[in-house]
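Note that subunit A is present in both complexes that follow, paired respectively with subunit B and with subunit C.
For the complex of A and B:
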């Protein structure tokens, strides 16, 4: 597991049915591109988050493929329509096989 | 006159004329109003109004600081929280072992640097004093990620409070030294801090907008290097830009300059951790 990886998510706690809500997500990650060399001239191996997904009550909302040119600490902001109360699941997939996830509940009235 | 030269000259004159001063935006962070403009303290002879560096940045950069989720510095603040609770050194203590709540440090950032027992100390000195004397741990590097994360966490507790450093009594000789450094021309370009940050703030320096060089937002997250930058690290950058040999981080020169700069920002809100380009 890469060091210092910490996912963060900001989802409103409540919303009205059919509302469009704004979701902000951020994961701290070095996003090493694989193109750089260390001080001895050896290539630094690639280590990035390569995929990010968000699901609401089991239904996929967004599925993103990340490439090495994306800089450190990738941030995604997107909108979603919430028809009912439920739970968002956010998942980040690391090159080294680690999977980081986070869940957030939302009350819809 | 050859036409090309003439075009180049008017081009430059046009740029200089179009240089804008600070904007008139108001900063509110997580709903809390910040003072980004106030009357200059009496000791500043050449400036009437002081402005936070936030007022000189682009709208996009400014927006990043208004919401703590959008502010990338909070990655480091959270790292600071982890370090706060992490035991280190021969005594097996963490910061939290002695200082229960980091909230108790509200107000500390506004008063630093200050004189303790005849010595001028910055927040970094206080942190390392605790680490060495009380925890039996290795001191952190002045501008390392651990130190800047911790100073950002502690500084954050004073966010919104006005800068209020002591410049009289024991601090007076250090303040005088800082003032002398501020106005002394150094380096191959033979420039003093004042040449840019007092005489020409609001103008462009190449592609960048010169601010008054206020210190109320440090440690500050800079988009150019995607990390927190200490005040002394910024001083080094400035000195390199004027092709001078920088003083060492943590040196008495930089601490004295830090005190003098803080006194030029008396009354501005602490914005730690701020976002700049």
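For the complex of A and C:
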């Protein structure tokens, strides 16, 4: 699973200090719910992203706990305040122990 | 006391009614249980939280949901017709602007989506929306 997971994030490149910006994130993941059965009737084990966090310069923006009811390719849109120039860190935690992360810089004038 | 047919009927009806009353709490849905676990039975206010969901979702596999509750510390989402009612919990940090988030969720069938926000003062707010699902999202 870990091979075809690709995070994508949309963050504006510039903003004014104290501005509210909208962030969109998406990660390709099949989010196997654990409810489905394969063609032989055996349950397919659960394999999902169970946590997503976004931080800016070490301060938390949002921390999401995901359950199997989140759709395939989990998508989140939320808003953040940017007090100064810096870097966003987005982290996804997989059931299998993998951690995917992505960093995005933003210039604040 | 002489047992006539009439008294028998009254007695048995009363008995059935009493049993039904007594058994009601046991019928509380898993969603209510989860909400009670989260809130500790606290009273749920309404109005300070908005839940935006489509009235009709053609495909239960991806239903766009948006929640917004200014002043919330966290928002939990539940779907009362899913095999597992919990959907997601958003916890907002100090740099979160408007306490809102959107995502896409799976709904097994037509049901209510419930959002519970825990406000910064410790109180709780509730909003719910009924979503009609044409094709369920559980891959039966």
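Quick note on the criterion: the second predicted complex is superposed on the first by the 106 of 109 C-alpha atoms of A that agree within 3 Å, B and C clash if a C-alpha of one lies under 4 Å from a C-alpha of the other, contacts with A are read in each partner's own complex, and residues count from 1 in each chain.
The working rule: a residue touches a chain if its C-beta (ideal position, glycine included) is under 8 Å from a C-beta of that chain, and two chains touch if they have at least 3 such contacts.
Predicted, not measured: the structure shown is a model, and the values here were computed from it.
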item: Superposed partners subunit B and subunit C on subunit A - clash or fit; value: fit
item: Which of subunit B and subunit C A:76 touches, first, second, both or neither; value: second
item: First (subunit B), second (subunit C), both or neither touched by A:4; value: first
item: Geometry of the superposed three-chain model: angle at subunit A (Cα centres of subunit B and subunit C, steps of 10 degrees); value: 90
item: Touching partner for A:68 - first (subunit B), second (subunit C), both, neither; value: second
item: If touched residues of subunit A are counted for subunit B and for subunit C, the larger one; value: C
item: Touched partner set for A:28, first subunit B, second subunit C, both or neither; value: first
item: Subunit C versus subunit B - closest C-alpha approach in the superposed model, Å; value: 5
item: Those residues of subunit A which subunit B touches in one complex and subunit C touches in the other; value: 71-72
item: For the subunit B and subunit A complex, residues of the former touching the latter; value: 69-70, 72, 75, 78-79, 226
item: In the complex with subunit C, residue positions of subunit A that touch it; value: 20-21, 33, 35-36, 55-56, 59-72, 74-83
item: In the complex, subunit C residues that touch subunit A; value: 61-63, 79, 82-84, 86-98, 100-107, 137-140
item: Residue numbers on subunit A that touch subunit B, as the complex places them; value: 4, 6, 8, 10, 24, 26, 28, 71-73
